[in-house]
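For reference, the structures are reproduced in the following blocks.
Two complexes, one shared chain (subunit A), two partners (subunit B, subunit C).
This part shows the complex of A and B:
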């Protein structure tokens, strides 16, 4: 009997490691089949392409940590990519009208903050479900951006913004340095400070946190503001990589944000959303996408392969979590 | 369809039906060609992509395909992957200004760029339809269809963002300068790139409630035809037979709508996306064969005025039969 239980536990542990094993296996396969995949330049490409996703993932991770990781009733903020696009749209439009960059950024920050405050008010004061609230907010904010930009592409050539893409600092692209600093700051805030630990406690068990005297709603409010802030920063990276704002960026960004953040949870030892897990998830999704593309995989198959892989990983993670 | 138009169609088909045979000396043997397309959901994009990839393969080359999923930014980023992959040349289909820095990087790395429907200073050659003819022809057809006077709404999201759209819509407006009694409703409408038919349907419903029967004569889509599908849907839903529709591209889906009895969709100019993609691939081979290419290669278009011509063009462009 005991041997049986042990065998079962071993099997479940193995299931827990399967996501890592599957991803490692796919990456090894790609590296043998895609030209120049295991090069420093490709690594840089993967990191550069995932910067906007990494930023919004950091914001989403904060909201999930504060609100709990139940996808339906817990913390989630789907509006971050829309905030990012709005931040980009406002900045691009105002730059094209001749305003100085700092002034444009201040306006974008103000608009992003409004989104964060509205999310917080609707979720904690009116007690709407975060999933529906932020999905509706996504639609509304994209609509606001369509008004701002008239749904048109706006070119941006401001040297400070282009520098995020093109400038190197000691051999490392400036964009990577900036995002690394933002993520490190968010990590420090959420994982190293008393505030962050309280926020995690609030998300871990709302009842327990309230009994021990924490104001849970305050942490949820603050997490929505932090998320809106990451969206604000992300806007500048959207502008940098495409030399302007093109309509429609938000949809793919939202999909990748959700995938990467919850995929990241599959890699964490306790199967919970963490800052590093989210960042790692974003990088892995980018690596696999780029890998398949470099291998010349038939276009009409890539979506199916990528989607199946992610379902597989998350399913194994769920099995091993349920068994605990 | 007039006999002149029939002759044009016949000539176009004869010229491009077997491009590989016409240029038998060309080869892409041993070459890897990256083909970046902005999306594969729409007929035009998919056909241009299929034309390019099948011709590269027929000429002995290997294709590395990348798809932007109708997201201009993803499309632009895909060029980085082709650059890193070390392909011998890139064929880039559509895309807005976001691709320019990527083309520049490819050029710096010594990888020649060939564009489809996207003139760029960093490209060796751009293969495209005769956009000038498209713009003026649809202007004349639309003006004639509404009797030279009335109010017209235009979907025009891309005039400033894509040069080809600047040409098409700009020349449409140029023709309308000679029709002082045609008024373009302001502000112009802006369609979505990714979900165009549904988005245009909703915007048209709003427009129709704003402009009741008798106050709107036509809706024109300035650069392509996908939004027109939604426009026609909205007209049918509301029973507004007073409003006519015109657009460009003439894919099989919109030619089918034009071919229906009593269709409000009255004029179009059909392109040959497969021939365009294929011609671009031929141009890559010509470049490697040492031939000097002109900056632009124009592929002929087929004007479609009314139901009968739609039925004829559908068959002549090889989409099947509507009779």
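This part shows the complex of A and C:
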């Protein structure tokens, strides 16, 4: 009986690895079928392409760690991509009206903070489920951005924003350096400090955290603020990537954010959502997107495949959780 | 002898309609393991919450280390070194041992966490203070239950300030070979001069580990026993139960037992070992056992709510295949669940809707519900069971506990079930309704139904059942004939104070 239970458990644990195995398989397939996929230049392209996703993934990882990784009742923030798009829209619109960049950024930061505070209030004070709250917030914030930008594309040619894409620092693109710094700071905060460990305890077991004297709601509030902040920064990378704001970026960003963050759990030795896992997941997802593009896969198929991958990742994580 | 580590005296605590503690007192000396025993509802949990500062008593004094606390609050109690080891583990499964031990009191270095220092301290504390060698980087989910328990203890004591430690049922979830690990740890704490209050239903553990024992009954302290000199487990049982049992129970009819239900080798592969039991037609068989004995899991598995890993069940010789509750109902097997609010009733629905939930198909034509028929059937049930108010359209939430339970019964009596499992049918039910439920169980048996009554109330088991199967720590240890034993015997059997052979010999 003991051996049986262990074998069963091993099998369930194996399910936790399956998303990574599937992704690795898809990547190997792409590298054999897409010309020049595994070249240094292309790898740089993949990393550049992934930057907005990496940023919002870092934010989502914090929320999931503080709220727990149950996909339905645990912590989740779907509104981060919308916050990013709003941050980009406000900045672009105000730049086009002739305001200085720092002034525009301050306005974008204020708007992002409002989104974070609203999320926190609705989830911890009114006690709505994060999934519904942030989905509604996503729709509302995208609407707010449409109002601000009148739902049109606004070109941005401010040299600082272009520099995020075009400037090199010692051979490494400036954008990559900035994101690396942000991620490193988030990693330190969440995984190397007392605050971060307590935040993880809050998400790991609400009862355990409360008995240890931790204020669980405060950590959840702070995680939503952190998430809104990553959305704010992400806005500038959206502007840099597209040389301006354009409506519609948020949908794909949300899809890739959720996919990458939960995929990342498969990389962590403890099978939970972590900062590094989320970042690695974001890189993998970007690699697959670019791989499909360079293979010439039809755009509609790409959506179908990505959606299916989300279902697989979430299903496998649910199965492997039963082993605990 | 110096002054007590803590002393509660003259504690009175009232809840609406009930006096939970009536001038109760409790005193524990430094370096003493002090047991606290009493039946369910005797006031053990209430007194712990008073000591924890969670409940404010109406009267009485709380002293810790000679210092009077007024009022005691969770913070002030913690500050003077009182620690609680809750029955539930409350650990994060994907945290390491070190992270769990230091949760909420992490040590920091100049930059970030002092991870290595914390790991060394956690390992040293577990080894030296609790006698457990455990690598600090092991994940909680990879530990056994006893090891998790000690990690929980370490978390409460790691700051080195503890003077009093309260253990609330520490061994309830443990298998018997794991109990020793926890006992050993408690003995070590005692040697370090810490005062320990040990609350448990397991009297064999109490007499083994405790120096003195306080017995609570109906909110009062009925005695303090010295286990080394003058108290045996039997004395404790007598002090705990010592009350008159009124004639709440209907006379037991004569049983015409057919083959009925036969269970052989049933197990869920985890919480209880393969178990065999037979229940003849017209027979009432009780299942006795404490929390953690596997009693609840056995009932759930029999009804298809838990997955069985082996064993088979027959009725009148023909096999029953039950893997889901729906199959159980189809096979004529019915469970009246312990938590009627969650599992038994849809509270916002009316009495009629609840009572006919299992028989919707009978009251329907081509899938469309015939409300009139359902109402008529329910009115008959209300009359038969004396449900109050006698209104088929009353919303179930507004009924009293006893009447809610009767609605659950009405639903199942309407089916053509032959086998009934009652799981704690009278928890939270007043005395009058209790007697009616007992009468109903007796009536069912008289009509030839097979009945299993799983209960934590020894009086109820002894009063209602023909035979009683006793479970401890996940195993069926034997059966007792209800007619040949007393309530004390049954308490002794479930708490491990006496073996079944001893009880049979005495009877």
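Note that the second predicted complex is superposed on the first by the 276 of 324 C-alpha atoms of A that agree within 3 Å, B and C clash if a C-alpha of one lies under 4 Å from a C-alpha of the other, contacts with A are read in each partner's own complex, and residues count from 1 in each chain.
We adopt the following convention: contacts are C-beta pairs under 8 Å (C-beta built on N, C-alpha and C of every residue); 3 or more make two chains touch, one makes a residue touch a chain.
Only a predicted model underlies this, so the values are computations on that prediction, with no experimental measurement involved.
K.L.:
If you stack the two complexes on chain A, which partner ends up touching A:209: first (subunit B), second (subunit C), both, or neither?
P.N.:
The second partner, subunit C, only.
K.L.:
First (subunit B), second (subunit C), both or neither: which does A:135 touch?
P.N.:
neither
K.L.:
Determine, under the contact definition given at the top, whether A:305 touches first (subunit B), second (subunit C), both, or neither.
P.N.:
neither
K.L.:
Which partner does A:271 reach: the first (subunit B), the second (subunit C), both, or neither?
P.N.:
A:271: touches subunit C, not subunit B.
K.L.:
Between subunit B and subunit C, point out the one touching more subunit A residues.
P.N.:
On the superposition, B touches more of the residues of subunit A.
K.L.:
Is A:198 in contact with subunit B, with subunit C, with both, or with neither (first, second, both, neither)?
P.N.:
The answer is second: A:198 touches subunit C but not subunit B.
K.L.:
Per the contact definition in the header, classify A:121: touching subunit B only (first), subunit C only (second), both, or neither.
P.N.:
neither
K.L.:
For A:35 in the superposed arrangement: first (subunit B), second (subunit C), both or neither?
P.N.:
First partner only, subunit B.
K.L.:
Which bits of subunit A are touching subunit B when the two form their complex?
P.N.:
It comes out as residues 34-36, 39, 41-42, 45, 48-49, 146, 150-153, 155, 165-166, 238, 241-244, 246-249, 251-252, 290, 293-294, 296, 298-300, 302-303.
K.L.:
For subunit B, which residues count as touching subunit A in their complex?
P.N.:
37, 40, 49, 62-67, 69-74, 76-78, 80-81, 84-86, 96-98, 100-101, 157-158, 160-161, 187, 190-194
K.L.:
For the complex, give me every residue of subunit C touching subunit A.
P.N.:
86, 88, 90-95, 99-100, 103-106, 108, 111-113, 139, 141, 155, 269-270, 309
K.L.:
Flag every residue of subunit A that touches subunit C in the complex, lowest number first.
P.N.:
Checking each residue of subunit A against subunit C gives 1, 4-5, 188, 192-194, 197-198, 200-201, 204-205, 207-209, 211-214, 270-272, 324.
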